[in-house]
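Below, chain A partners chain B and then partners chain C, in two separate complexes.
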Partner chain A sequence: MIVKDSAMKRKWGMAIDLDKCTGCGACSIACNQENNMPIFEDDSDVPKRVAFLELMKVTNDRDAKFPDVKTAFLPKMCQQCEGNAVGKHKADPPCVSVCPAVATDVGDDGVVSQIWSRCIGCRYCQTACPYEARVFNWWKPEYEGSFKNSLSTDVSVASRGTIVKCTFCSHIWKRERDKATANGILDINAVLYTPACASACPTGAIIFGDLNDPESEVSKLAKSDRAVRLVNTVDDETPEKQKALMSKKQYANPKVYYLTSQKWLRDMMRFKKNS
Partner chain B sequence: MIQFIKNIFQESSKNMRITLYVLIGLVVLFGIFAIQILFWGLGYTDMNNNFTWGAWIIGDLGLVALGGGAFTTGYFLYIFRVDKLRPLISSTVLIGFMCYLFTFVFLLFDLGQPLRCWFGFAYPNWGKGVYPASMLTEVFFCLSIYFCILVVELIPVVLEHKVLIKNKVVAAIAHYMHLLMWTMAAGGTFLSFFHQGSLGGGMWGVLYARPVWFAPHFFFMAIVAAMAGGTSFMTMMPYIAGKIMKKEVVPMESYQLLTKISGMIFIGYFVFRVYDVYTGIAKFAPMAQRNYFDMWGGYYGVWMLVLEFALIISALFFLNQKKYREQEKFMVIGACSGIFAIVTSKLSVLLHGFSVPNFPWKSFTAYMPTIQEWLITLGCFACMILIYMVFAKWFPLFPHLEHHEAHDESHH
Partner chain C sequence: MKKIDRKDFLKIGGGAVVGGLAGYTLSGAPFLGFQWLVEWSQDQYVPAPGIEKYVQAVSDSCTNGCKVSVRMIGNRAVKIESKDGVCPACLNGLQLLYHPERISTPMKISGKKGSGNYQPVSWDQALKDISSKMNALVNEGKANTIAAVNKNESLNGQLMEKFVRNAGSNNVYYEPSLNSITSNALGGYVKYDFAKTDFILSFGAKLVEGWGNAVEMQKQFLNWKKNNVKIVQADSVCTRTGGIANEFVGINPGTEAVLAFGMANYLITAKRMTSSGDDFAKWSQLIINKYPLGKVAKLTGVAEDKIKKLADDFAAAKNPVAVAGKGAHGVSGSSAEIIAVYCLNTLVKSGAATLVKNSAVSYTAEFAGLDKFIKEGSFSMMFLNGSDPVYKSVYGEELKKKLEKAFVVAIAPLMNDSAVYADYILPPLSFLEAETPESKPAVKALKESKDAKEIIISLAAMVDKTKNALPKTSADAYKSAGRETAGGKFSFNFEKIKADIEAYEKKLGQNAEYPVTLVPYEAPLVGDGDGLAFPYVLKSIDPSVLNLGKFYVMMNKETGKKHGFSEGSSIKISSARGKLGKAYVHLSDVVAPETVAIPLGFGHESYTKYGNEKGLNPKKIMTADVDPLTGAADWWSTRVKIS
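So, the complex of A and B:
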């Protein structure tokens, strides 16, 4: 059987409602479980910890007292940046062009991949990433005892000295596609999926879907007034100014949209001085 | 052999013996910790997911920039035929060779998977055009080719050893290699422009999402920095060697000519650096809605910028005025200021660059190298000094000195 229209139409994106997020950490646990995160001898050494999803606690002012203190939780994973090539076939995230060994690439579904067995561990991509989304295996990943039995067979276990990163759980999509193929559905665009963090969220704060589909919930949320992209300062400018700035310099232009009505949080996500 | 080594120690003065013990001790410790890092990984360093690079990349940046004096000096000697620089060239080529050799060593330690280092050549990220997509791909290729050129440039120094040169074939090879050396100097200069730019600056300047580094002109500024600081470095090393050996290894006028060249290039570097800071304040930081001086904080604050400019101005002041440059004391102060200005700029690129928080709710970070990082870095430097000492003792590193000694002997 030949599929006539097999071109990729999907562009995966995410919307995270920070006003709904309770900071329970279920997304982080689900991510660790799904992607075979190792447990190191000293996991209290946070800057060296390997985790794709970091649940960040954001406070307006560390020294503020009640009722002036405001807090929010912000789940942060790879933002799957597009660079200035927004909507183009080949996106240009900050981390991909820098890799000296082509260990990382952007798929036509817009997901930034990482081939752990190709990575030489130079950490240049980590340096280039403004979201601290890429993590390095400083120690040998070990899975002790019965922990080994719970490993996911869809995600390869990385070796020491390589970079690993969130891929929007792309392997789940592949698993779903394989299922569909077994049922005779060969169209690559026929299948949707949900990453581990989105399906684990108890309040439904994480919405995942296709940004190219104008009817999808995620693309509606991305266009809402509450949407704000992390540190992507060019979003605040007028369309003319945006065009002018983007002709001079690339911007990250991530595909993860955060939703919040809290002004202080929106300002902080833009490096603006606190109001 | 043991007797030979014993003799070396017995012949040396007390201070020299202590120095040798310290240097050899550092090299031994280097070996021990190298095994630890290569077999058990980078967990033993103070680098982390936020501070991704550390002491060894500072070492790389510093060594390559200061080793850049080799191509500048070679270019002036072989292409512009400034013959007064000839007494310096062998020492310069040797220092360049070692700087690049240990750049490779540092880079290898910095890789999480050192056994995969050849992937950089086997799977280069070249993109579609002539120019590679990744700055590190360019570093891989350019650095390797230029290292080969430095090896070729170093061969005559080895061949001219007083035992080897007696062989007629060796003498002929050494002679013709000298005659053809300008091709190597030209090729080396061409290549140096690329990797000096990419490793020193372009590598950081292209990181468009990191406002602390992003600057399209960074590539070109690093080339000027390497030419300015490198020439000062190439003056100071034989000068220090001469002071220790208590001999005039290089005539004073050669030193003064090279420091004059260095001073002139420092004018260009100063202008470029002022432009760099200005565009940082007025253009690139606002483009990312950041305040330039807000990014200078924490331990690696604005004092680094002030120190760097003070050192550049000191180098400018002492190296560009004839009355100061011709006094040995001021020439040394000027050249040292120049070297430290470049070292400070590399330190601030890395330490300040990584310490800046990516999110406003995070604070400035700091980096304190572990014992492994210190000893691998210092061990490499000790190794370089030992190699230089070996060459100074047994090889014709300073033709001026040999010439004078032969002259003296014929007089007696």
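So, the complex of A and C:
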């Protein structure tokens, strides 16, 4: 059977509704379990902690006083930057253009990949990432004793001295694609999937889908008034300056959208003083 | 034949070596060698492959009865998934199932109690020993010195209750939970109909953070958003529930009850509302005399007009409901507070709060509740059914001493601060290994562990007095599971709580020696401590709670300035009951002035290497006044000094 057009047409993106997030942490557990996160005795050392998803606690207490305070949680993972095409340059996320080993690349589905075994551990990408979304395995990932039994075969165990990060659970997409192929569906664009964090969220705050499809929930949410991306340096400027900044190569252009009706949270995400 | 001279010999030899090398290189063997070298030097673990399938599992060890779908690779469970949401305990189900420190055989103590030295024994020997001890106590007429502490009201808790009661003891307790303390305070626990309400007034209840039934509350949370239900949170720390509330009312720590008194006072005097509860006349008279709005405003820090406005809004709503119950997992609260909050529901005739009971669970025991029993009671035999009262009770140190002298049996999958004082530890199954009427075991049971229900049933069969009291199999046990029935009539229990109502004023007043108030708060997944044995929980802890081994407490910025603390400075906290070790300060205005907020769930002593020695356990210094109705200590807010 010949497939006429096998090119990936999708652009996977995510919308996280912070108004719906209760901070339960189900996304974090699901992510750790799905991606075979290493287990250390003390993971309280945050810079050295190996986890793809960080459940950040955010408060407005920098500018507000008790009792006019608010608390929210913000699940932060790799923002899957699209990058910006300028002149002859290819649109590359900040991390991809600096990798000397082609261990990280952006695929035609928009997912910024990371191949652990190809990584030489130079950590350029970690430095380049504006979101601290990449983590370095300072130690050999350990899985004490019987914890090994819960390791998934879909995600390879990383070596010491490599960078790892969230890949929107792209192994689940491959799993779904293989299942579809086995059922005779050869059009890869017919396959949809959900990353572990999104399917674990009990309030449906994390929505995942195709940003290229105008009918998908995620692309509708991305256009909503509540949507905000973590691109503070751009959003704060005048329209002309914005346009100029957005045409720069460094413009990260992330594909994770946060939704919030709370002005303070929107301001916090843009490093702006609360009003 | 030509003679092979020296030159030829070297040529042939050289050719063989070159050919061999070429062959070796082309064979790919060196590359394989490099691969081995890489694998050896990196030593990556490769998970065992297998056929993928999904199996269903139902939990009967949590009170929600979580239904999950388990992804299997061969006979290994690798992921728990659920469309409907899962309670925090079941979320960590896989990490419990494969925990390297999980107890897999019955264990008998082989050293001093508390040392953690145990040796495996057979089930036969363990059950024989335990049942003969129990038979002896029953025959000596000392049946009432047998006691049990259940973790929760799940089916195995109900079986334990039946077992110990039938042996002739009234000493069956539950770890303080929302249901247990409200049942004792009100004569039944409150069944809230959150789907039908349009106004929720919460007195510090962490509604969306795990309070009540966590799974159910998350569903309700979505409904509230959809139906524009107004949520008002009165609390001294703005947690996530305060964040999602339409209105956050900041109050001074420990004044939830006083705010409820004030609102009730206003609704009774200004709006002529009455409650049908017994003793209402006496109760309302005391509240009116003792807590006029001016005084309430001063104590709570909420302006008089604001209290009036809150009460007016509450009374004007179509179906308002007032909620008490404090923490997400760690529950505290005096019955005076629970009764005052429930009174508001009866004043406005709320249709969203009714009192119910579980037919198989009776919270009435020899003593009013667990803390009172630990403080005043005595026992010669103790069953710890999944519970950890040494860690969770403010009387943990006292309980340790009593456990040292008694014969203690712990049913626990992991060692914990209480099980380490047990003579026998019996290993139960995790919910993924257990069979329920709705599901088969998802994975094979670990070594010799057994279903907690079966453990209790087989013990009961060996004790003469309880031989015929329990169902014969765990399948039968499901048929006798408790049902929800109507609760008793609401009473203010005036005579019993009178003193407590009067005491609030003194408790909240100026205190020169202990000027600051310590209140707890809970971090996601850690809760009141059960989560800390699981490494993936440790990974999710915010650096404002635990960072680089440093344990942080939150303090209001102004208060920090006043007492000479800056961000990251070390702090020592002490109350009338004792001192806590060193903590560090995180200045944050999500906390009320003159308040220190400390995370719950840390500072375990024997809760696996992941949970041990991380942070501090504030319950060691929290107030230990035992409530007359609930028998539980009201430890939520404690007067402390800081240095």
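Here is the rule we use: the second predicted complex is superposed on the first by the 249 of 275 C-alpha atoms of A that agree within 3 Å, B and C clash if a C-alpha of one lies under 4 Å from a C-alpha of the other, contacts with A are read in each partner's own complex, and residues count from 1 in each chain.
FYI, a residue touches a chain if its C-beta (ideal position, glycine included) is under 8 Å from a C-beta of that chain, and two chains touch if they have at least 3 such contacts.
Not measured: the values here are computed from a predicted model.
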{"item": "When chain B and chain C are modelled together on chain A, clash or fit", "value": "fit"}
{"item": "Chain B versus chain C as contact partner of A:K263, first or second or both or neither", "value": "neither"}
{"item": "Which of chain B and chain C A:S199 touches, first, second, both or neither", "value": "second"}
{"item": "Which of chain B and chain C A:K243 touches, first, second, both or neither", "value": "neither"}
{"item": "Partner chain in contact with A:S156 - chain B first, chain C second, else both or neither", "value": "second"}
{"item": "Chain B versus chain C as contact partner of A:A26, first or second or both or neither", "value": "second"}
{"item": "First (chain B), second (chain C), both or neither touched by A:A64", "value": "second"}
{"item": "First (chain B), second (chain C), both or neither touched by A:Y131", "value": "first"}
{"item": "Vertex chain A, arms to chain B and chain C (CA centres, degrees, nearest 10)", "value": "110"}
{"item": "Contacts of A:K140 with chain B and chain C, given as first, second, both or neither", "value": "both"}
{"item": "Touching partner for A:H89 - first (chain B), second (chain C), both, neither", "value": "neither"}
{"item": "CA minimum distance (chain B, chain C), superposed complexes, angstrom", "value": "9"}
{"item": "Residues on chain A lying within both footprints (that of chain B and that of chain C)", "value": "45, 49, 56-57, 59, 140, 159-160"}
{"item": "Complex contact set, residues of chain A against chain B", "value": "45, 47-49, 56-59, 81, 83, 94, 97-103, 118-124, 126-132, 134-140, 159-163, 230-231, 233, 236, 245, 248-252, 268, 270-272"}
{"item": "Of chain B, residues touching chain A in the complex", "value": "41-43, 47-53, 110-113, 116-117, 119-120, 123-125, 127, 133-137, 139-140, 203, 206-210, 214, 284, 287-290, 354, 358-361"}
{"item": "Of all residues in chain C, those that touch chain A in their complex", "value": "42-50, 71, 73, 76-82, 84-86, 88, 91-92, 94-95, 97-100, 102, 208-210, 214-215, 218-219, 221-222, 225, 238-240, 242-244, 248-250, 524-525, 535-544, 546-549, 556-557, 588-593, 609-610, 614"}
{"item": "Parts of chain A lying in touch with chain C, wherever the complex brings them together", "value": "19-20, 22-26, 28-30, 32-34, 36-37, 39-46, 49-51, 55-57, 59, 61, 64-67, 69-73, 140-141, 143-153, 156-160, 196, 199-200, 202-204"}
